[in-house]
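Notes to accompany the following structure.
Chain IDs A, B, C and D follow the sequence of writing; residue 1 opens each chain.
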């Protein structure tokens, strides 16, 4: 059950070197920038990071990569106009890349939270991203076997939480938050707004508090870099 | 057919041509890049609902000025707007919607399309390229119909509709139609059929491409 | 895209003999009673029905079974205190039963809507309900391979719809509605309330209209049988 | 230990005993039937959140009178109430929550539990019985800990904690503790350990059961 922490530093305490950390967000929408900054300050390194992208501009995930803390990144779309820190590390051979089609990435994260051992997906069949993977024909269609993607920690940004960790998100910033919250051993959420128990309508809760371990309120969103339109 | 000196349709003419083939009230995903232009040619009364794979149905036009909300972006990470009747959902639900075959049409750009409808649009395969796939492979195989929007020839004049793709594949046998500046092609079980010609003849296409072509134009060879 | 029909009879038009029909609801909560009544009146028979249960009391799914229209039922919990019509048909050998653990039932329906070819689930491993099914050990845990469950039609009850078929549900009557809506070729929904486009908050929509084909407003809920407490 | 003439704990005493072992602020599913009684013994300040597999967290007590809402029922199809902080979700999400190991404790009734923690609680296996499994198999294997609540002996006096289940299995090796009227058992890698005794001695249990037992009672053999 969720605890409420005073600040991002306290919220990310205990993330050890070598941990696998899922980080929510699609580009900068839903990216928990303050939690990532606290993670950088914590000194944790040799991390495996799961995110759709590989950092935008100079803040958040990009700063974590620039600081050399990411040993491996699992993502669908690393190369963007403003992914220069990743690009540099990648070309220098200083970061490992596991490239996963975006829907397989989402479904593998969902499978981890849902206790599914593996699943057959049509996405990627016949492509280089399915090389070496088990394939099967089912009812005349070809599928690739994919496995769950779990994490020690998930860093997620939501819009609002109650004190039990029930979460709602805002517009397309929802993206990976709900599935990452369910796929990590410890889920750490930054929210703009924290409300009392009972203040959220039970019908509209997107992430039930059972998936949330730590909540920290970060009222003023950090400035977002002007790097929009930088690809998928 | 165009007032420009180049032959065939310009990008916006092509976008308008594709827009005409999208059924009213369809659920549609327009890939980032060129296909995004199609949205400018959808009539407001068409009832077409746009999907963006980062978790939204009912996406409206690009946002400007005060309407920019960085929590509301499209798959290309451009701020967009919300239309009445929109809905939001998480990434697994969004890609389940695609993979489950619920979108009527998806329009994608391409490096190459093969005669069997294989699509190559995600990676040049060059060793110095950093690969990035995004949602391309899910989009390619997910929708009921996958249209490709591209110039028929590369900048170097090499045909992009080919017997076999030489670029890394995005999806196998997934393309149903190819809309190009010079012609509209249908990928059918019997082969590639030319449905419509823009400032060129069927025989010209036959000479240009290494792919065997069927003539299914309404007017026959012009 | 959704069409709005005038009455349940029009809404269920075209359901042919031999069709596979998913019917929402957990017991009577969320059961689309008026759509089922219209289905009975339509005369369609030799149906395969997917539902969690096998009818309660004498109305809705129970009446469809009593009328002899169901050749086969796929469900998790047929036997209840008030499942007498099913019980009688079953003992008489007049209805085929495919018994599926409830979570596998839900996940198989979800897989159909999500384009998953098959999945490995831990539920049922080592039990008689997994007999003859493929099993696999993954990371030290045992799993059973289960396949998607699709339908020609889904009959679903939701609380409110807008004119595009965007749906919200009410409390635990949500149950199988959202996943069945996505798993059927044609999804038919009865709602208590129909509102104009734009009247629903986009953040709270549970079933986007893309999954809905036909909507019919049934304002006054039918009387619900007094058969509560009749098992899982 | 009880004022009744029967030996061991009564049903409500047993429910209270189990309630004491459920950690504060845990997420818990109480199976239909006997385990439902445990909810009456959870202290209001415990912060324990009840899950019902038909799509709800934060389930409150049974509803009566005007509070009855037939859209708000538990897994036993009994009308219940909603506590502050509740949430609703669909069936696939609800069982993903169970299967994914997010519930802390699940308490189930049983026909039999084996020495290795196999559970049989869904089907007598009699040929004239109509089988019905519901969520039993998902509950058995889903939670971090699965407790069983049962009388140690059947009505015919036959032990229900057995070397091997003879009833059809619900789950393999899934039970971690067995709470009975006569004793609390822990299913451990080394075997079955007796943790607590109610109105009987360890030696009596050894004579009663065919399962080898380890003595882990605090007080030793009483």
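Miscellaneous remarks
Criterion: a residue touches a chain if its C-beta (ideal position, glycine included) is under 8 Å from a C-beta of that chain, and two chains touch if they have at least 3 such contacts.
The structure displayed is predicted, hence computed values, not measured ones.
The chains that touch subunit A as well as subunit B are C.
A count of C-beta contacts for the chain pairs A-D and C-D puts C-D on top.
Per-chain Cα centroids separate subunit B from subunit C by 36 Å. Chain geometry summary: the mean Cα position of subunit C and that of subunit D are 29 Å apart.
If each chain is reduced to the centroid of its CA atoms, subunit B and subunit D end up 56 Å from each other. Shown for subunit D are the residues in touch with two or more other chains, namely 56, 82, 88-89, 96, 98-99, 142. Annotation for subunit A: residues touching 2 or more other chains are 107, 110, 114-116, 121-122, 169-171, 202-203. Pairs of chains that satisfy the touch definition comprise A-B, A-C, A-D, B-C, C-D. Contacts from subunit A toward subunit B in the complex involve residues 26-30, 52, 76-80, 87, 90-91, 97, 99-104, 106-107, 109-110, 121-129, 142, 169-179, 206, 224, 228-232.
Contact residues on subunit B toward subunit A in their complex (touch as defined above): 32, 52-56, 69-79, 82, 88-92, 94-96, 98-99, 118, 123, 129-138, 141-142, 168-172. Contact residues of subunit B toward subunit C in the complex are 25-27, 47, 49, 51, 56-58, 82, 84-89, 96-103, 142.
Contacts from subunit A toward subunit C in the complex involve residues 107, 111, 114-122, 136, 138-139, 141, 143, 147, 168-171, 201-204. The touching residues of subunit A, when paired with subunit D in their complex, are 1, 110, 112-116, 162-164, 166, 182, 197-198, 200, 202-203, 205, 208-211.
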